[in-house]
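Two complexes are shown next, each including chain A; its partner changes from chain B in the first to chain C in the second.
After this line comes the complex of A and B, so read on.
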């Protein structure tokens, strides 16, 4: 993946947090992970096909997702359904918004949400996998991108 | 008489956010659906004035659902609400008959303004109509 392509994803994440929370998010220095990355409490997975093939994931701690859900819904966003769903919707929004840079041949799947790190599911991240830390308030999530 | 809205999005949280915004705007929500196929069942039953329609959904996606809606009741106002940010997607939706387009992530003001514009309400006024 080119540096400019990685920057396109980072810009989308910054815009996402600005729009949803009205707050700025701190993006960490991206790095390449050789092995399977560690997954946090919830992970939103988007399969990529078409002009590029691979996968995009957002993996987050529960507390961060709960705070994001509350930003959207207020106290009604505290339930389990909202918390699990928000990570899938975040991944979907990041991948979908990236089509502005990648074009309509960058096809995205519907999101799949993983709870924890299930051993029976293989995520099709194409190496090298780029990991981008996302620091928002007290919590750290990771954007994982593995594209051919 | 209130304008009647059908909300279609595979995300639980997006459906709930749109419900919250729509209630604040004084719209009557006739149903919510998580895919295009269920949406068509609700559409046939309730004949809403306005449909908010996601694109990337299981079973039947938003563009397929939009085509079916236009075949059944072309006067229906459909606003596409999607994360897909490329120009081609917006143009395809407009060609199929969508009247509005909102890119995710969105704000309450963007939803209010787009719904008002599509429903032909001046100044974004929806509440109390």
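After this line comes the complex of A and C, so read on.
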């Protein structure tokens, strides 16, 4: 995995969070996981094929998404449906940005949002999985990149 | 009453003319109904005449013209007998024709639905009861030339039967139609009435002409004499018929903008019916008016019946009932009282006429309805719907017609879709010609359909995708079913191939594919050259599969379909070669993996497995520590973290260098350099800076994983070796034999190596390695130095194949190992020369050696009698090693030899050599 490619993936996600929240979003120290990467309450999964194969996940705790929904939608963002909407929207925007960012040698799938920690995500993540913590306010999301 | 002969002749002739009306009705009614009922309609017109004549002969004439009983009914002439009376016979003949006419009117109205037997019953009713009784009321006493019926006594005038014959037929038709109901499909539920067309309108026209012709007798004959009245009556009849026809035709045209034949026919008949009552008492103008109004009445009544949903198949009610009523009333309106001779005034006459009309209606309608309705309850008057559908020709008479057969086969064909059916071809008929052409069309259609069905079968079952695209790359309507599966999209017809394919391809490939299609469609470029540039050969396409993309390798082939030098379409063959691509990729990966493993293996081969294992454990721990440092939560004290990482990396490098594992040391060094690069940056260290370290770590982890896997495999291999059978002598024997063959081949000698005594006893495991190595050296030595070349053996009188025997046995307190060959023995002179040539012995010293001492020279290092160095001999190392090994364990080596005969090494090994590690 080239550093430039990895950086492009990270930039897409950091940019998304910064744009949506309008606040500074801090990237944590990236690390490598050979197996069992962390999966939080909601995970947006985007399949990637072409020049590299595998997938990209953004996994977040429910509280963070609720806070994000509230910051975007106001009091309407408190219910469960709003959280699901925010997750879906996040996955779509990241997938769209990824399509633009990674050029013509990649195929980016329609994103899917999963609840909980289904085991098949780890199958789609090809090791080594690079884990990038993303800190927003008091919560941490993780960007997982597992490409061959 | 005596009549002139001319009168009798005229009445008989008129009777004949009236009979012609029977034929006219038959033609008219069959023409205006469907051909599937034509036989039924026609036969009714014949048989009702038969029934009417018989009934009228038996009863009817008696009731009508017998001596009157109070003007109500006649009595006399039952089972009519003219008793030689010419006039009486002529009169009967004429009247029976009228009866037949009254009966046959009903036939057309109820056509296409009434049972034949029920119809005959109704004929019996009208000819034996209804017509004669009412006829008596209107015409009773006519035979005697006086008014005897109660109606004609009251002044009711119906000269030739507008009411007596025609209205009566009409009333009966109305009653029957109300019982029977309309024909199926005539008045669809909730829809507009549907006209049921006639099958032979020209025939119907001929029927109308015959009726008109017969009417001359009908009205003219009713004078019952051939006198001056006859001609005006016939003229009036003609005028009224024609004025009715013309009026109905033109008014009908004004209403419908069509020259409707039925309007002309029925208008004519209506005029004739209308004039019948008063044709003897009106002038020509009046006749024209009566006929014209009769035509109008018919038109109006036809519309009324349709509105009331009463289905009169031929318009018998409007014509016979409607115009009959009008004609009867018209007698009062237009009739010349002097000619009427009733003595009534206008209103009196009109009242009499109206009474006659009403009485006829009441009598005929009510009696018909009551009797026939009663019969209908037990014996349905109507055929079943299926019989009606099949047609009464078939259901009632078992007869068919060509056209019906044609329809039947066509119906069957449309119902079953069976194109193998053929309609019967009757020669010399129009229907036969139609049938012949129809059969030809169906034959052609069948050929094409069967051929098409075969192509479609092929397309449905072929495993590859096959399709045609037009110049806009739109997929044609027929394509192989497999295409849908391959492209994962149903209903491809009409879709653009590029639109389907584009989103499945990498963006970078899309412009190339578009350009390629442009080139394919450009007939000017040779196909072979274009295909060489195809980007669609085994191209990878991507399909959505949940949150992942599934890739497929599709192989496209193209052919141009040209017309007039222009590429009109492209034939596309597409195969899913994913499995082939997957296998190819798997083979490539396996090869790469094997190569990199082998490289890795060579790089770590020099390291003792124990040390390597220790090193890998250290590497694993070191990398884990590095990983944990990166994973540590928080972004504080990053510089300190980097320094710790640097120490770990340095330690790893040191370990690798100690074991001379340069490739690991290089990776660790690169990792170290990255850290030092970050540390040397005086600015603030960002978490993102650690990205390169995460990548470096992943590379080191990958190498570590590969080494561990390789080491694990090596351990597995060792385990396999250790688990070999307890008595590996057979393996040793086989290995020795192989070695012997190889060495003999290389030395171009023939050797038979006897290992049979090797497996006699089990070699104790601790000494197995030593025994093996000794035998290897001794056998190689025997082949290289002992056995002669085949030519030399022949010269020495031996067989070409030398023999070597090896063995191992327990002897006394220890073990004995031997190797004996039947070669040339130790070549003493040569050995001396080699010993001197080695520089370790002087020529004198060698010359002074005893034979035993000389033999010992073979065990000295660097002395070999071999001609040159090869894989098996020539370095002078083998026997030296043997001696060292044996003496190392306090064993003894004995060498026995006889020049030209044999050499034998006997090695005694002490028992304790097999007790410890060999």
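The rule is short, and it goes like this: the second predicted complex is superposed on the first by the 132 of 148 C-alpha atoms of A that agree within 3 Å, B and C clash if a C-alpha of one lies under 4 Å from a C-alpha of the other, contacts with A are read in each partner's own complex, and residues count from 1 in each chain.
The rule is short, and it goes like this: a contact is a pair of C-beta atoms (placed from the backbone, for glycine too) under 8 Å apart; a residue touches a chain by one contact, two chains touch by 3 or more.
Computed from a prediction, not measured in an experiment: that's the story for all the values here.
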Exercise for the section: Based on the superposed arrangement, let me know which partner A:40 touches: chain B (first), chain C (second), both, or neither? Expected result: neither
Practice task
Determine, under the contact definition given at the top, whether A:29 touches first (chain B), second (chain C), both, or neither.
Solution key: second
Practice task
Examine A:134 and indicate which partner it touches, taking first as chain B and second as chain C; both and neither are also allowed.
Solution key: neither
Practice task
Using the touch definition from the top, say if A:49 reaches chain B (first), chain C (second), both or neither.
Solution key: second
Exercise for the section: Go through the superposed model and pick first if A:58 touches only chain B, second if only chain C, both, or neither. Expected result: neither
Practice task
Return first, second, both or neither, reflecting whether A:110 touches chain B, chain C, both chains, or no partner chain.
Solution key: both
Practice task
Considering only the touch criterion stated at the top, classify A:67 as touching first (chain B), second (chain C), both, or neither.
Solution key: neither
Practice task
Determine, under the contact definition given at the top, whether A:13 touches first (chain B), second (chain C), both, or neither.
Solution key: neither
Completion exercise
Dual-contact residues of chain A, meaning touching chain B and chain C, are 103-104, 106, 109-111
Completion exercise
Within their complex, chain A touches chain B through residues 15-16, 19-20, 69, 72-73, 76-77, 81-82, 85-86, 88-89, 92-100, 102-104, 106, 108-111
Fill in the blank from the handout: In their shared complex, chain A is touched by residues of chain B numbered 10-14, 16-17, 20, 56-58, 82-86, 88-89, 103-107
Problem - chain A contact footprint on chain C (complex, rising order) - result: 506-509, 542, 544-549, 551, 627, 630-635, 638, 641, 687-688, 690-692, 694-695, 697-698, 701-702, 705
Problem - Complex contact set, residues of chain A against chain C - result: 1, 3, 6-7, 10, 26-32, 34, 45-50, 53, 55, 103-107, 109-112, 114, 121, 124, 128, 130-131, 133
